[in-house]
Structure formats: C-alpha cells, structure tokens
Amino acid sequence: WNEPIVFELHQPGEKGVELPPVNEQIVSAVGDGVSVIPDTMKRNEKPNLPEIGQARILRHYVRLSQETLGSDFNVEIGQGTCTMKYIPKINELLIRDPKMMELHPLQDEGTVQGMLEIFHNLDLCMREISGMDYFSFQPSSGTQALFTMASIVRKYHETRGEGDQRDEIITTIFSHPSQAATAAVKGYKIITLHPDENGFPDIEKLKAAVSERTAGFVVANPEDTGIFNPKIKEFTDIVHEAGGLCFYDQANANGLLGITRAKEAGFDMCFFNLHKTFAAPHMCGGPATGALGVIAELRDYLPAPIVEHQDGKYSLQYDLKHSIGKVRSFHGVAQTVLRSYAWIRALGPDGLKEVAKIAVLNNNYMYHKVLAIRGASAPYVKGHRLEQVRYSWEQMANETGVTTEDVTRRMTDFGLHYWTSHHPYIVPQPFTLEPTESYSKEDLDEYIHALEQISKEAYENPEIVKTAPHNSTIHKMDEQDFLDDPEKWCITWRSYLKKAKTEC
Amino acid sequence: WNEPIVFELHQPGEKGVELPPVNEQIVSAVGDGVSVIPDTMKRNEKPNLPEIGQARILRHYVRLSQETLGSDFNVEIGQGTCTMKYIPKINELLIRDPKMMELHPLQDEGTVQGMLEIFHNLDLCMREISGMDYFSFQPSSGTQALFTMASIVRKYHETRGEGDQRDEIITTIFSHPSQAATAAVKGYKIITLHPDENGFPDIEKLKAAVSERTAGFVVANPEDTGIFNPKIKEFTDIVHEAGGLCFYDQANANGLLGITRAKEAGFDMCFFNLHKTFAAPHMCGGPATGALGVIAELRDYLPAPIVEHQDGKYSLQYDLKHSIGKVRSFHGVAQTVLRSYAWIRALGPDGLKEVAKIAVLNNNYMYHKVLAIRGASAPYVKGHRLEQVRYSWEQMANETGVTTEDVTRRMTDFGLHYWTSHHPYIVPQPFTLEPTESYSKEDLDEYIHALEQISKEAYENPEIVKTAPHNSTIHKMDEQDFLDDPEKWCITWRSYLKKAKTEC
Amino acid sequence: MSQKVHPYIPNMVPEVQAEMLKVIGAESIMELYSCIPDELKLKEEMNIPPALTEYELRRHIEGILNKNTSTKEYVNFLGAGCWQHFIPAVCDEVNQRSEFLTAYAGEPYEDHGRFQALFEYQSLVAELVDMDVVNVPTFDWGQAASTSVRMAARITGRKKILLANTVAPERSKIIINYGTPELQFEFVEFNTETGAMDLTDLQAKLTEDVAAVYFENPSYLGFIEVQGPEISKLVKENDSLLVVGVDPISLGVIAPPSQYGADIVCGDLQPLGMHMNFSGGQAGFIATRDEVEFVQEYPSRLFGIVPTVKEGEYGFGDVFYDRTSFALREKGKESVGTQTALWGITAGVYLALLGPEGMQEVGQTIMQNSQYAAQQLSQIEGVKGSRLHSPFFKEFIVDFNQTGLTVKEINEKLLEKKIFGGKDLSEEFHEFGQSALFCVTEVHTKEDIDHLIQSIKEILTK
Amino acid sequence: MSQKVHPYIPNMVPEVQAEMLKVIGAESIMELYSCIPDELKLKEEMNIPPALTEYELRRHIEGILNKNTSTKEYVNFLGAGCWQHFIPAVCDEVNQRSEFLTAYAGEPYEDHGRFQALFEYQSLVAELVDMDVVNVPTFDWGQAASTSVRMAARITGRKKILLANTVAPERSKIIINYGTPELQFEFVEFNTETGAMDLTDLQAKLTEDVAAVYFENPSYLGFIEVQGPEISKLVKENDSLLVVGVDPISLGVIAPPSQYGADIVCGDLQPLGMHMNFSGGQAGFIATRDEVEFVQEYPSRLFGIVPTVKEGEYGFGDVFYDRTSFALREKGKESVGTQTALWGITAGVYLALLGPEGMQEVGQTIMQNSQYAAQQLSQIEGVKGSRLHSPFFKEFIVDFNQTGLTVKEINEKLLEKKIFGGKDLSEEFHEFGQSALFCVTEVHTKEDIDHLIQSIKEILTK
C-alpha cells in the first residue's frame, strides 16, 4: 500500500460513525445544552478533523497495521533488552471479557471481587518469583517503576531525617538509561559506574562511590550486555552498610525465573516488566506495567492503594502510612495484570523455570553462532552470558564501512527486526539480540542466516547494505535534517501544511 | 513472506496446544478408555500431522492472512455479481457474544428466546423487503437456496399429482449457473433462454418454451449483465398460466431494496444472499445464508423448522405438512442471520433504499467511465444498467492480444481484485464490475484509473500485462497442466510428496 | 428523517452525487431506474423500524441476546450433530482476522494466502482420514453425505443407496431430499442391543442396483460400528461403494474408514475448532482416493499445488475446474458456490495445533469421560447409563424407561439445576422408549459429570 | 510433573536441546548458569500452583471474572477520571489487530504503519486542541500534567507551581510526587458556590518564582472554569506559563485552552475510544505550540514526517531525539520508555471516525443528558442536582446533605437497584459535606436517568 495521510482522505459530508442521539424529551426539558457556556469559552469553529466514511477509515488503519511488523509476524529477536516473546492468544481473548473491559475503577469493592482476586493472586506469584513481600501494579512501565522506587528511596530517607543528606544514587553504565533518568527526576545526583575490562560491574569503584550521601543503588543484573554480576550480594551489602537502599531493575529477568531472586541478592525493592518477561504484549509501546515489589519494611511507602485479602474478601487498602502518594491514576493497567497472571498459571512453577532455562540456552546458541560471523564480536568476558548479548560490528565497520545502522535497514528486507541498542554506544557499532524462550532452533537459524548473509554482502558488495531497504514499505528516508531542524520538522499534519507544503 | 507449507514446519516433539487433561479419578474408574475398541477398529498409527509450537503456527496463519486480500483492504469492485460491500465491524463484535457463539441448537426453546427473536425479526424485515410471507434461513448459500426452491417446486407438483408430468425448468443464460445446476440435481430438464439482441430476456422464446411440462421458471433480475427485465411481470404471468411456479434469484438485489419487490413481479418464491446484499462477510467462501422467502401458499413446503411468534413467546415449528424435509442441519448459519438483522436495523427503511440508489448511482458512474476506456465495451443495450455491468475487452484483445485473464493478473499489482466473470463466456473477454453502495467516488476513480492504466499498457507495452503479476505474493504460475493432468495434480501435501517430489 | 449521510454509504453526500450525476448525464438517481415499470415500483414505505446508531444497535442486540442462556452458563450434555469441544484461542484469532473474514473469490495471486490455507486444510484432513483427496468443505455433514452417495451413483452408474437405519434422522432427510428423484433409498436394519448393522438384512438388500452403502461411525447414537471390515467385504463383493460418515475428532483413536475399506469418507468439521453458534459452525468434508474416477465426480472445488516460474515457490489453483457447475452449468457435477471455506481454514489450524499426539489424546479423554458418565449413570436406580452394549464414542443412549418419568420431564427438571440434558430420542427411535442421547467430551470436568449424576438422583428421589 | 513440551516453549524438545548444547559445547543448560554463585540459587520450589492447560485456564479466569459486576450489567454514574463513553467497534478492531498489538520499537521501515498511525494521532489531537505539537502519549493525565509543569519550570527557569484547589486530588498526588523535591507547589483557592478560581488569591500567589499555573477545564468537579481569559491575562503578566488540563471529549463544544491563552495543554485520551478496563484505558497527552523552547523540553517521543528518496512518499522518524533520556540518560528531559502508544493510535481512529460534526455532537449530547439528570435530581426533595451554580460538562456535584443519609448509604442502596452511584466526595471535599460526583454521558438513555431518579426517590421515601 502507499497509504495517504488520514487528512488526505477528507471528503466533506462523509461520516465515520453515528453517535447515540439525544432523546427528544430531554431536548424539550433542557434545550440545546450548550447555550449555558459563555461566549468566550465556547468553541466557535468545529475542529478541523477530516470527514471520512467508515469503510475507508477501517481500510486505512488495517493497511497501516499490515505495514507494521508485530512479534506475531516475525522472529522477534532483534529488539534485545525488550524480551519479545510469544503473546498467548488465549490471554487476549480473556481480557476482552466485558467483566474486565467494562469495569469502572471506583466501583464498590463488592462488585469487583474477581478483579481484586486477580491482582492479589498475581501479587502472591510475584512474591514467590522475587522473594519480595508486597507488590504494587500501579507503575505502568519499567520507567515508571524505576521512578517509583526512586520516590520510595527519597521518602524512606526523609522519614528517617536523612532526606537532604543522602542525595546520590549509584547506577551502572550498562543498566537501562531510565535508571539514571528517573532518579535524576527525583532530584538525585547520579554516580555511574563503568565496568571492569571484562564487562563486570567494578566492585572497587562501588566501594569508592558509597558514602553517607548514598541514598540508593540501582542496577540491572544481568545488565544489557547479558553478563550477570556474580558478586551482586557483596554489592548490596556494601550499599546497605553505607545506609543506602538497593533496588533492582529486573527488566532482564527472563533468564532468572526460578533460578535466582532479588531477595537472596540482598535487594530491598525490584520491579518486573509484565509486558516483557510476563508475556503481556508491547502494543506499539504501552500501556504496560512495571510490577513493583518491596520488602515488608517498605510496604507503607508504596503508592496507594494495594489489594489485601482477608477472610475470603478482597479489599483496597488506601491507608499506607508513608505512602509516596500515587504515580498513576487508580489501579494501573488491569489488562496486563490479568494477562501476566494467566501466563504464569499456564506455565506453573516448572514452566517458569523452563522459560528461564530455554531463554539462556537459546541465547548461548545464538552467541556461539553470531561470533562465528565475519566482522561480528561480543566485547568483554568470553561466555558468561545469560539471556541476551550486546554484540558489535566494529570489525565489519572498519573493514567494509557498513555500520550497524545500515544493517538495521537491510534486515527489514528480510522481514526481520534488528535494533542497534540503547544509547550510549559504549560498545561500538552495537547490536543486541535476545532470543527468549519463544523461538525454536529453526527460528534462530533463520535469524542467524540473515545476519550471515548481510555480513557476506558487506564484504562482497557493501552498497546493497548501505542503500537498503530495497523491499520494505517505504524507501530510504531523505537524510537531511527534517527531524532536527526546527524550521523543517513537522510534528503534526497542520504543521506540515504550514511548513513543507508552502515550499512546493 | 515466502511461507512454507505447514507440514514443512514439523519439528518432532513440539506442541501447539495442550488439551484439557483427564481427571485421575476418572482414569481409576474407567481405565484407559480405548481398550474397549476392538483391534480391527483401533487406529494403530497416529495421524501423520505436523508437530509445531503455538507461536509458529500462529505466525504461519497470520502471514497467510496478510497474503489474502479481503474486502476490508481494497476497493472491492472487481468481483461483480458478488456484491462485496462494507462489513460493519460492530456486527462482528456482536456475533462473538458468548450468548450467541455458545448456544447449542437443541437447547430448550425457553433458553434461546433471544436467538429465536432475532430469526423472527429478520423474517419480518425480509417480508417487507420482498413481499413474501414466510422466510426460512436454513439454506446456507445462494446455491442451496436455489436447490431448496427447486425441491419445493417438485414437492408442490407432486402434491398436486403432476410430479412426473412437469419435468422442465426454464432459466436464462445470464442467470447464475447454479440455477440450472441445482434444478438439474433435482431431476429437472433445463431449458435455457438466450437474450434478444439488446440483452433482454426474450419473451417470445419464453412463450415458445412453456407447456404442460413446465414445472418452474427461475431467473435473476437484473441478470448478471445488470440489465433489468421490465417485462418480468408478463414473464411470470405466462409461466403461471402454464401451471409453473416462478422463483426468483435475488442475488442481484442490491439495487432494488425498497424500489421493487418479488411479490409485485409475480414470484412465488425468492431468495436473498445475506452474505452479499445484507452485509454478512464472505469469509473466503462461507458459511453463508440464502434467505428463502415464499408466499403463504407455499409455507408448508419449507424445510422445517421455522420460527413462530405467539403471545410473546418464540417457538420452533416443525410441523409443516408438505415439508421437503431438511436441506441443512438444525437452523442454518445463525451468525449471518444476526449480522443481517443488525445491518438492516442500522439502516432502517430509508437507509435500505439509499443502499439501492447509491449502488445504482455508483454503477452508472462506473459504466460511463469504463466505456470511455480504450478497448472496453458493454455489449447489449445502451444504458438500462442497475447495480452491475458485464463488460468486454473484446476490442482490446483483438487489437493488442491482451486478454481479460491477463488483466486479472495485472490488477493484482495494483492491489485490486478483478474477476472475469462466470462461465459461460457469452460475452467475449468478459469482466463484471459491481461497485455497490460502499465505495466513494474517490474509490471508484482509483479503480477506474487502474483499468485505464492497464489499457494504456496493453496498447503501448502489452508484455507488462501479459507477464504479470510483477509485484504480488507469488510469481506467475507455471502454465503446464498441473491442475488438469491426473498424473500431476496434487490435491493434498501427501499426494504432492508422492507425485511431485519423487520427480526431483 | 432528514437524509443524514450514513457511515456505511459515503456517496450519500449531495455534492458528490451531483457531480456523479453530471458525468452520467442524469438529473436524478431515480431517473436511472426508468427501466423499472412504474407498476412494479414499491409505493408504500417498508414497515421496518427506523435506523439505529451503532450504540443503540449494540444495546438492542445485546438486550435480545441476553434472553439466551448459553452453554457457558449451564452445563451442556447435548450433542446429536453439534458438539461442544475445546476451541484453542488461536483458531478464533485466525478466523476473525479481517483478511480471511472479508475475502471471497480472489485469484491465486492476491489471495495466495487463502488458497494455501485451504490447500493445507485439505492436506491435514487427508492425514486424519488417511486418504489422498479432500474437498474444500461443503455446508455440513448432511450435504457431504448427500454428495458422497451421488458421487457413488455416478461412479457405479447405479441408482440405489442403502442407508443404515441408525443414520441421524435429520441427516437422512437431507440426503433423501438431495438424492430424489434420481436415487432410491432403502434402510438397513440394526441390532437394538448393540446398534450394529444387521448383516443379514444388508446382504438381502445388496442387490445389483445398489450404488453405495452408507453408515456412520461413530454413529449418531454414539456406538462404534465394529463390523467395518465385514460390511466392507459384503459391499465390495457386490461392486458397490462403501461410504462412511465420521466424526473426525474420533480419528485419533478409531481407525479411519479408509483403513477398513471405505471408498468415500465424509463427516462434519465442526468438532475441529468451530463454536456451536446455534448450528452455525457446521461444515462437511468429503475424502476419497486420488483416482480420476473419484476426483472427476466431486462437485466441490479442489485446490491443487502448482510451481511458479520461480524455483521453489508454490502457487495454488483449482484442480479440474471444468467438471464444476461454474464451468458447465447443469451439465456440471451437481452445483458449487459459497460453502464453508472459513471453517475449513479453521479446522486446518485446529489440526496443526493438536498434532498427532493431541488428536490421540483428545479422543482418549473423550472416551474416558463419556465412559465415566455412563458408568455413574448406571449406578442410579432405574437408569441405564448406556442402553447399548457396544463400545461408544462421546455419545451414548441413557435409558430412563424404569424411572417412571419421561425424558421431557427429566430435562425440564435438569434445566432448573442449570443443566441441558441429552437429546430426547423418544420420537426418533421409538424402540428405545424414554431414552436420551447424552454427549460427554473433553470439556466436561469430573465435577460437571458428578453434578449431573447428583441432579438426576435428586430428581428421581423427589 | 514430567517435562512435557510446553506449547509456548518449542525448544523444550530434548533432541533439539542436545543438538544446541553440542554447538555451545556445554553438557547441560544448568552449566550455562555457572556464573551465578550457588548461594544465590533458589533452592526451594516456588509456591505457585501447577500449570493449567488452555481450557482449564479459561475456566479458571472466567470463573474469577464472573465474580465481577460490570457497567454493562448495572447502570453506571461513576466518572471522576475514568469515563464510560460510546466506543465505535472500529476502534476495537484496529487496536486488537495482531500487528499493532505485538509491535514494539521497530524502525521506520518495517514499522512504517505504526509510525504513521502515531503521527496521525498527533495530528488529529492537534486539531482538537488547536495547537501544533502533540506528543506520543504518556501514562495518563496525571503524568501529562506532571510533565507539563516540569516543562514549564524548565522553560521559565522557575520553581513554583500554582495548582487550582479543584484539581483532582489523586492527580495532585501524582503531580506533587513527580515534581518534588525540585519544584514547590501551592494551591489556589476556589469559590465554593461556582467552583471558579479565586482570582484575588491567584493574584496574591503569582510571585516572580511562579513557573506555571495549572487548572483543569472542565474541572474534576465538572464545572466549566469560565474565567479562562482572565486567568490567562494574570499569568502572562507575571511571565508565567499557563498549563490547562482538559477532557478532550469536551472540545467539540468548549473552547480549547489554546484559544484562551494556555501555553501547554494536557489531558487524558481515555474518553476517545478506550474501554474503562478498571482504569487500564488511561493515556495522557501534552500539546504545545511549535516553538523550539517548548519542543526541546518534551521528554516524550515526537514523530515527524520526512520525505523519502521517492517523490511523494512519506516516512516518519523521531523529532529531536537527542533531547530524550534514551540519548542522554540523566541529562535528558525527565525519562521516556514504554508509555501508551496503542491508546494513541486508538484515539486517532476515534477522532477520524467522529470528525468535526461528531465531536460537536457528542459534546452537546453529553451536556444535554447531564443537564437533564441534574434538573431531575433537583426536583427530588432534599437533593440538589447541581451543588454549584456554574455550567458543567458531563459531571456535577449532587448534594445529599438535606436527605439525612450519607452518600455511602445512598450508594449502597442504589447498588441494590443495579446502579453505581456517583463518587463520594465527602472525604476529598469536606466543604461539600455529603455530596457525590455524578457522571452522565452520551451513553445514558433517558430511561437510565429516569431509573436513577426513581430509585433515589424510593430510597429517600423509605
């Protein structure tokens, strides 16, 4: 398809849907309803939205959907750190139950016992998986969970009278950028530890960093390199001794389920991405849930309410003494809570452990295969990778001029995703692959084969790769600064009409 | 995608879904359950089905779906006679209600009052639209409705002692082939009337054809040419005088809703395709419904049961004195009944009439535009077309060698459907377009433009058209007799493995 | 009602209409109807309620549907040709995809996916029935059986069809209406203790004008016809063809009829992934050997695989299209048209999901659950859990003659206990008196069955 | 439990594992975990119930969900930040498409459709709010407001934020937690008879350290703040920024805040096509003018349109990516990550469906229905239909102080009549005593409202 922008479909007079009409008797009783608005506050011109018949709108959006590569459609390995896994269709059916979709969050507790039971049951499961004592599902992404944890750290120290003194949070460079960013939002100075030559977090650097100003330590383990820090318990001990709290970004937990837990590693808090590790879909980027677990001592700091269960009755507990307040309206994204609960129940404890084991098996298989590709490498320690690996095309780039961005575009010609990775590009020419447990050996081989092919092309005929994509929905975008020059960027169609169209 | 055949995805040991397990106590009580089957009747080897994980199966089928061009995705004008119209999404939501999906057809009537009400309500609407007195929704396609009508014709004459004598059914060449085919199945000799030079059914030929052997007359009006027979009432009178029944194939009714009816034209029976005129989807070719209406006199010939309504209670009436028996199990395709009822209620009487009028407007607009394309024509009378037209590329084929089949393949490069038409090819190099009410002028123009472009190519560079498709899911198929030589045809994968693969 | 532009009809916009009429050269749309004589034009308004907006429509329809009580709310023991089975969510996802839902008769290129999915369905069912040719599905089992016996008649050039007397009565009605007047039908007696076909009667009726013998296995009454090989032998000796109808979900544990001599196999795909939908889920299949004399007699479409000009790529097309009524009108083989393609695709998804192990497992679980139910029913005084002595699959006759209550009465009382009892057989099979056909599948839990048992006990002791 | 291969985990097949381990050169999978010290390894089994098959899972979950009573069963008058509106079926169809459901962070090429759909959403909301820049949506209104005031603080270099005291209390909690410790917050008083902001108090608090004033319109309490232009004037005189939160479904009838001087507009998309989902449908948007000093302060992704090398073709990409925390970590603007993209796409579909007429119509119908409800309530003795005198949109305060009953008691009794009464305000707004916030939208029929009136009458006369 070469589908126009929705505004270009405008045909005055067409209609997409009819609204429920107002009752004539109501009109008789109250009139037109809008005259009560003072003139200054009335909308005088209708919004400049397009008018389009229903069939054409549907056609527009289903065509756009086909131009989108969901994980249902490809071997979704290339979005490393994102834990793209199979989204069970049964769960998608279950969340469309009107007994879920049509619930108002403020309904009387007696009328939402089922929903509260699901929240509580998932809480119980997450406790087993993490060793934590209480969970909140209010944070609606990993980033928001990180922010919530930073908020709890602050509240915790404030409650103890050390709010001003403890103004530093320590993180590592291979943890997700949101760890640093959210702590900074909460007013903290960030100390970022760089790894040792093997890619392990450096314990000496941590020792040097902690002090009476340390509020907390936040880290992913394994980090985005896929390397697990075996000394993690020593790390948390050091931070605890300095008086800080330790909080754990479990975005990379997929290789750890049933294997090792936050509690034993000495963490006070942790969070899991339900939309990654627990098989809720990514939905183009949310809504999502960052399930936040804390030890009993921190229960009263959680955002309210949390679900409690007593005498067979579920209730919402709003009365949390030190609560940071709220981070998201009402109860969070109930659908992801239901999906993840369903996923856990479909697997059971043994299945969860298999998830972890196969994710690690798949990743190590991939690791061995990718390292054999000409021009590819995986910096830092050999082996020791769990569920993902951050690789590098540094050699290929040096030898052929083909960069990891070129590979990104070329991969789309194979109908596959490939993501370079987060900033910062500490690893040069990076790419991050995370095969999860969802893909078969044959799937992995297909993906590996595409990488091999591109490497071959890069060495034999680099232009093919550099001018890619050749076979995608659109051609290569113009490389001028349409996205970074304020005179040229157009964030909306009306803006485009003002800026770009006038040039023509 | 270049998606393999599902059997090629086989990986021994993988599993697509788990079944509900048998209860252990049941096993204790009855054992393995299968030992009671005598050895001769036991299945010894498991069926040779593939073993595939759930994600891979889903990926397979969703990819195949993307390689299928549903009417949601294109300007679906090219399947003339099929009345491809907008399928409202609200109706698709409604049929997924468990109160519909999970009903057993033999449930106590008291527990399916809602379903029976919908059947009855649709019956009432169809009576208004057709002038008939009773409807059955048991026939599950147009063809089955035609067959049912032929069965009623036979039963009717048998009841009157003329079963053997009246052994001929008269039809016309531009009616759907199923009219002749189904009557033949019911044991009738078929008399086919050819049109006069203007494309109208020839009343003189009808007069010559009727006799005491005439059992019935079946016709579409307008026929597949889009030409309405204005003398239809004279036709039915002639047949009635000869003692035959008249039954009406309303597959082409989309231009007639609220304009003219079967009753006034003198028909004793008629049917409508709910999956065409009444906006139930085609679903790749069924399940569907041929809603069959009869005049009061023929009520007792209908297949049982029909729905009745008395004192606010709906019931199934099985006791029809002359019933032909059954043509389909239970009650027919309840989902299409619900969909069509919903569609009628969304339009109301005025909306239905608009459907007809706009379908005719769209078709006549198209007609004028297509006739202006080089090489295209519409045989028979000028004008007088209602909702569709059978066109011809005879001139283009003569002048350029490009045939209507070539155009079919080339249209797929534009992401559009184009159907040549039914056999027999009375009109040379035929194509049949039916734009329905669902498409906007802009949509029609897009389709017309594609035809113009192809005509241009045919005259300027015919090879482009002849070697099409260039840009479709697959390349042009090998033109050998893989489909007609018994040594080469492979109707199943196992057959392919036996025949084709051994050659390699 | 003023003419608001309806969301489904874009060209109701007056300005657009005017522009189009100008191109056509007409003053008004009604002018385009000048070919219809005035006396045929509808004068009055149709008596149909005014249009509802989407939200009103939804409330209206849901309001009506809420008068139904579904098998999700009550425990259901009805079968008799429409069965409640486990339906994997993936089946629904695939058949609700907009592309498959709204596609129709496209060509092998733009509809490649549809062709492939149907070819795969043919191939998967072929493995299940162990035969080489399977059709694009027809309306239902009744139609499949009807066409099967007509095919047999054309192949043999004979006109008489013998039907087992245990064939589902509603199905025989379809078969007989479809076959007459060209074919003659006769019924073969059965043993009322086992359900098995009376071979003596069969032999007597197997005259030289018999084109085919048709029976069902598992039968409508649930019992397994264990004389497959014997019947086959008699049929073959008479140069007739053997047509057998099957419930395909039984074929993981019961031998497919091809293995005991059937020439044509037919049945219903509904158990393989279709919701009951008040009977909207039925779809009939036909399977035969890959022999020209069989293939040429199919009225249905048959999709075959074809290489494309690119090596290693497959395309698909209609095999032997010229036999169909599309091509030959009344000279074609019966007729063809819209049938039940989407259910074919769905059955393919189901079989791919279950695989060989799954099909075996589901068959076994059904046998275990249904045997358990029959066993428990038999322990109730006055009730015979399975009236017939032969092994059965999924369904079985429960004999209530000794209870003093009619099936109708029992079912009414079961309804109060949120149970849909089995189908009342007292009209269709007088020989069994007050008996009912109960259906137990893999979806019934032990608790469901125990609830039935307990409820019947309570009803009988009242 | 023996290790059956799970349908979600294909490589559980032992033979495949062996092959893969051979490539890796390891003996067992656990060997790959050697990097984890033994003392960190979990010794006990997790106390989670054993795995359920798909059918068991479905019965289990549906069994739990059946304990809920939804707003489809009872008539609902709850709003307060999550509202029941008409949702066109096309919205659901689009957001349930497998492609959108399972896509994530693909590149502009293979995810072209996602980029375009989000760019279109931005563009459509831009028309509604009459501003040139709109972000890819964030979590909810609370987050959008939080970020808006932080943006204002960065733009002005000031640290104090004034909040209208009528801002939703739960929303203020989010804003304050998100803003502290960097920002200071102060509340501006309101007139308890009209809800309007106390301009004298505002003026007094508008000191030179004030970065922004934030109020909501229509407000949490439903009334329309009619002093928009006056407030704007005061704010501008102080070189502060005006941030206004809106319910976007009101913008077909109420002026968008940009038209009375707002610099930043935010709100929740949930009314535009999202089911309530027990609050899973929230999504926050932010809109500003197209000025560098504003654009550079967005933490969110902003998709822009870019020509491709082929003329007339559009591509899409991230505008000014280097401002984000992805690029700059703690030096970026706040943080970005997974937010609520699918709801953005859905809101786009909704706006495209309704068009200019529809947005106007829905706003008007809501006003008429809610005014009717308030009017009828006022006719009940002891009840004041709308506690405030000002015009309101969709929600209004119902004063029960004269009835002698608490809101809690009334709501409990309404529940018996299958009605969810309005939100109890007695804790959040003591000044209104026993009052409740009722919500009436276009989905309420006259019958629904009359049922409420009748029920309250019955409750009060008992």
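Think of it as A, B, C and D in the order they're written, each chain with its own count starting at 1.
Keep this in mind: a contact is a pair of C-beta atoms (placed from the backbone, for glycine too) under 8 Å apart; a residue touches a chain by one contact, two chains touch by 3 or more.
Bear in mind that the values here come from a model prediction, so they are computed numbers and not experimental data.
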item: From the options B-C, A-C or A-D, the pair that copies B-D, where over half of the contact pairs coincide; value: A-C
item: Chain pair with more C-beta contacts, A-C versus A-D; value: A-D
item: Between subunit A and subunit B, centroid-to-centroid distance (C-alpha), Å; value: 47
item: Gap in Å, rounded to a whole number, between the CA centres of subunit C and subunit B; value: 19
item: Distance from subunit C to subunit A - Cα centre to Cα centre, in angstrom; value: 46
item: For subunit A, residues contacting two or more additional chains; value: 11, 14-17, 19-21, 53-56, 58, 62-63, 66, 72-73, 86, 88-90, 92-93, 415, 438-440, 443
item: Sites on subunit C at which at least two other chains make contact; value: 6, 8-10, 12, 16, 54-55, 62, 72, 86, 88-90, 93, 97-98, 442-443, 445
item: Complex contact set, residues of subunit C against subunit D; value: 54-55, 59, 62, 72, 86, 88-89, 93, 97-98, 442-443, 445
item: Subunit B residues within the subunit A interface of the complex; value: 1, 11, 14, 53-56, 58-59, 62-63, 66, 72-74, 86, 88-89, 415, 438-443
item: Residues on subunit D engaged by subunit B in the complex (per definition of touch); value: 4-10, 12-16, 53-56, 88-90, 92-93, 98
item: Subunit D partner contacts - residues on subunit B that touch it in the complex; value: 11-21, 53-56, 62, 88-90, 92-93
